[in-house]
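Presented sequentially are two complexes of subunit A, the first with subunit B as partner and the second with subunit C.
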Partner chain A sequence: MEFEKVISGKNIEKDYKSFKLNVPELNIPKGFATALIGENGAGKTTLLNILAGIRTDYKGELTYFGKYSDKDRESNPVVKEMIGYTGTDNYYLPHWTVEGVEELTSLLFDNFDKALFRKNYEDLAISADGSFEGGKKVSELSDGTKIKLVLASVLARDTDLLIMDEPASPLDPLMRDKLNDLIRTYLTEKEGRSVFFSTHNILDMESVTDYAIIMEHGEVVETGFVEDLKEKYILVKGELADIEKAKDILYTVSTNKYGFEGICLAENLDKLAGMDVTTETATLFQISVAIMKKNTRVK
Partner chain B sequence: MRISQTSGVPIYQQIADFFRSEIMSGKYKNGEYLPSIRELAKDLKISVITTMKAYEQLETEGYVTAVQGKGFYVNAQDSDMLKEQHLRKVEDALTEAIKYADIAGMTERELKETLSTLLNMKGL
Partner chain C sequence: MGKLLKEYRVFASRKMRIIENLCLLGAFGLSILICGVLMGPALGMIFVSMTIVLVISFIDFYMFGGIAVKGQIMMDFVRSSYKGMDVVRKAIIEDAYINMARALIISLGSIIISDFILTKNFHPNNLVYALIIGFTVTSSVYFNQIITRKFAKTMMAHMGCIYILTIVASLLLVPPVVIIVLENGGIDIDYIGSVGIAGYIYLVIAILLAFVLNRILVKTCINGFKSGYRDTL
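What follows is the complex of A and B.
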């Protein structure tokens, strides 16, 4: 499927002692929510940090919004204003107050809307009773609340692209649901907005994910719109009697005492003819696990 | 509209089915726009790509037309033509059924009885 790109990359490389990030081609669709999926150490954060400009020691070519380079991202205020970023680390200093965060963000970004920040603060219930506690220190906030504060401030800016590193991880189930709503609202409020986030909470983020990029060992192993992936990877369940034949056909398979379950590439479904199997639409979680299993070095 | 995550029917299909019957029943008039893809995704708490796929299916079936940057509007539903189309599908399916009944050596009566039984089960 052809699509407009919010970020595209060519030959992105980063060498560590025992790890190499190598992404010959990367395309993130404009107007959608894209999830970067992979096991710990797959290179998600490295790639995300390169795209967000947190890390600048890499090789390769990056294009933003179809016309800006990574140099523009660093030096052109127009591009800076268009991108919002949230990380896993709390990048506010412990002794900063909520009001200090507000002041600093409005100094850094012209498009920061103070009134909207206060509204987000209230909506996300950052203080227990909903009132604005400007004097509260960052060090007094719990991890989840710190992330809420980061969200409140990034969503108070009128950006075109949100880049989020593991936004769901420190959040409780209720806040994860809220995060999904926030992402959908962000995409709805202005034409052409895009979200790019990394996650290993695939289940929690599935209902907001339009496009998936799956990584293993520093390489991208699969990409696609979720609905297309669901047509490519099919969930198959069958009887124990057929396991030996099915094993060679299926993409991944696991067995128990009563039967087997696995993922079959749609193109190979025909080969299961004659076996007593049922097919189902796989979830993004099941597809991701299958692809990760296929490529992992974890035994 | 109720969306079930566990019914086995893909979510995009459930959405397409819903709007198809809304259009057929005249709840969406000729030229009227369906809810925007992103609004609908937000309301149903599903991904944008899923609603998009539902609308694309309705477009393929000729129920709606996409306008760049504006959304999907409902096409004039020529009820005679649609009925004709559906009639042809029924004939095709029954012809197929007759073929298999023949292979299975069913009598005409048995075939008719099967149809009656199935109709009863559907509550039609």
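What follows is the complex of A and C.
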């Protein structure tokens, strides 16, 4: 399917001693929230770091916003100003105060809005009473609250693309829901904005995910808009008696005392003819797990 | 001053910098007592003290992140900004200036202690000598910056390059340059006495001793404050 891309890449490669990232083609749609899914060690963080310009020791070509190359990213201040990035963990040093974080971010980014940062700080309830506590040290904040501080900071910049590495992981369920709201608001506040995030919390992030990229062993194994993936992959439920026959065409099978269920390609449904099976629309979580299981090396 | 040191202030913790400086002074004092006694002449003492201060400051900073630029996670944040590395580099240079000021203060302190209190025989060459070292080290800082900016593509390479160059500049570049300048300036280096092979040996011992003492003191003090400052680096 053709769509406008916020980032496109060709032949992206990064070699480690025991791992190789190899992505012949990468397309991230503009104007949508794209989830990067994969098991631990699949190469998600490496890919995100390459896209955010944190790693520059890779091979391949990247194009940002349809017109800037990765060389432009390092030579033209406009590109990185348009990209907001959050890493896997809080990256503020423990002795920094909230005001220090504010000062540092304003030093690093021209489009950082201090007033908006303070508003975000209050909206995200970073302090117990909701007020701005400039003198509070990062070391005094809980893990989840540190991530909130990172979010308050990155959302205080006028960017066109957010790249987030596992933003949901340290957050409680309520805050994950809030994160979804923040992403939706970010996307709708300004036309053409895009979000690209990695996640293990597919269930929690599914409601905000428009497009998914699934990685295994450094390679992209599936991509597509969630609605298209849900047409491509079907959840099948059937009698235990048919499980042996169905196994061959199912990506994954799980059983209970009532029968089995698994994911299969919609195009293979006719191969289940004659069996007593019902079909349902699969969730992104079920599809992702099925694809990961098919490609994993975990026994 | 406030504007000039903006980057430095943001990256460094004032309290920790004070602790580090005090620890450095303590370690320096102990080392100079030992090496100064061994080397004898006052100028030799200043030579050792200056070099110890500079080398330790640089090693401490670059290896252990005195200004905390080594934390890789935080570097991700810095790298995500177009001007992030420039901000860090500026902070590094500002830190180097602070080290320079610290070294000069300690050097002058040494002159006062040795020439005016211990020997009661002031020698003006001591001041010239301190200034020459200062300019040489400042040049090596800029040399580091130029080299790393040109060749180092990743942060680790950047840090490694600075680290190696600093060691090289501090241990090899500074003393010979100073000796040559002193000789060309007609200053009798015999006066320095120990700045020969023996001087180098004393120097290395002094550096190692001060370095170890400094690390022990810093670690002890910082653990005492339970700041977690070093844990992230």
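Going forward, the second predicted complex is superposed on the first by the 296 of 299 C-alpha atoms of A that agree within 3 Å, B and C clash if a C-alpha of one lies under 4 Å from a C-alpha of the other, contacts with A are read in each partner's own complex, and residues count from 1 in each chain.
By definition in this document, a residue touches a chain if its C-beta (ideal position, glycine included) is under 8 Å from a C-beta of that chain, and two chains touch if they have at least 3 such contacts.
If you're wondering where the values come from, they're calculated on a predicted model, not measured in any experiment.
**Student:** Does subunit C touch more residues of subunit A than subunit B does, or is it the other way round?
**Tutor:** It is C that touches the greater number of subunit A residues.
**Student:** Using the touch definition from the top, say if A:Gly100 reaches subunit B (first), subunit C (second), both or neither.
**Tutor:** In the superposed model, A:Gly100 contacts subunit C only, not subunit B.
**Student:** Tell me the contact category for A:Tyr211 with respect to subunit B and subunit C: first, second, both or neither.
**Tutor:** After superposing on A, A:Tyr211 lies in contact with subunit B but is clear of subunit C.
**Student:** Touch check for A:Ala33: first (subunit B), second (subunit C), both, or neither?
**Tutor:** First partner only, subunit B.
**Student:** Does subunit B (first) or subunit C (second) touch A:Glu280, or do both, or does neither?
**Tutor:** The first partner, subunit B, only.
**Student:** Touch check for A:Asp72: first (subunit B), second (subunit C), both, or neither?
**Tutor:** In the superposition, A:Asp72 contacts neither subunit B nor subunit C.
**Student:** After superposition on the shared chain, which partner residues are touched by A:Thr56: those of subunit B (first), subunit C (second), both, or neither?
**Tutor:** So A:Thr56 only meets subunit C here.
**Student:** Which partner chains sit in contact with A:Glu227 here, subunit B, subunit C, both or neither? Use first/second/both/neither.
**Tutor:** first
**Student:** Does any part of subunit A touch subunit B in one structure and subunit C in the other, and if so which residues?
**Tutor:** None.
**Student:** What residues of subunit A sit close enough to touch subunit B in their complex?
**Tutor:** Where subunit A meets subunit B, its residues are 31-33, 180-181, 184-185, 187-188, 191, 206-211, 225-227, 230, 280-281.
**Student:** Show which residues of subunit C lie in contact with subunit A when the two form their complex.
**Tutor:** By the definition above, subunit C touches subunit A via 6-7, 10-11, 13, 15-16, 68, 71, 73-74, 76-84, 87, 153-154, 227-229, 231-232.
**Student:** Show me the residue ranges of subunit B that touch subunit A in the complex, using the header's touch definition.
**Tutor:** Spelled out, the residues of subunit B in touch with subunit A are 8, 10, 12, 36, 38-39, 41-42, 45-50, 52-53, 69.
**Student:** Which residues of subunit A touch subunit C once you look at their complex with the stated criterion?
**Tutor:** Where subunit A meets subunit C, its residues are 49, 52-57, 74, 76-77, 79-81, 83, 85, 87, 89-96, 100, 103-104, 107-109, 139.
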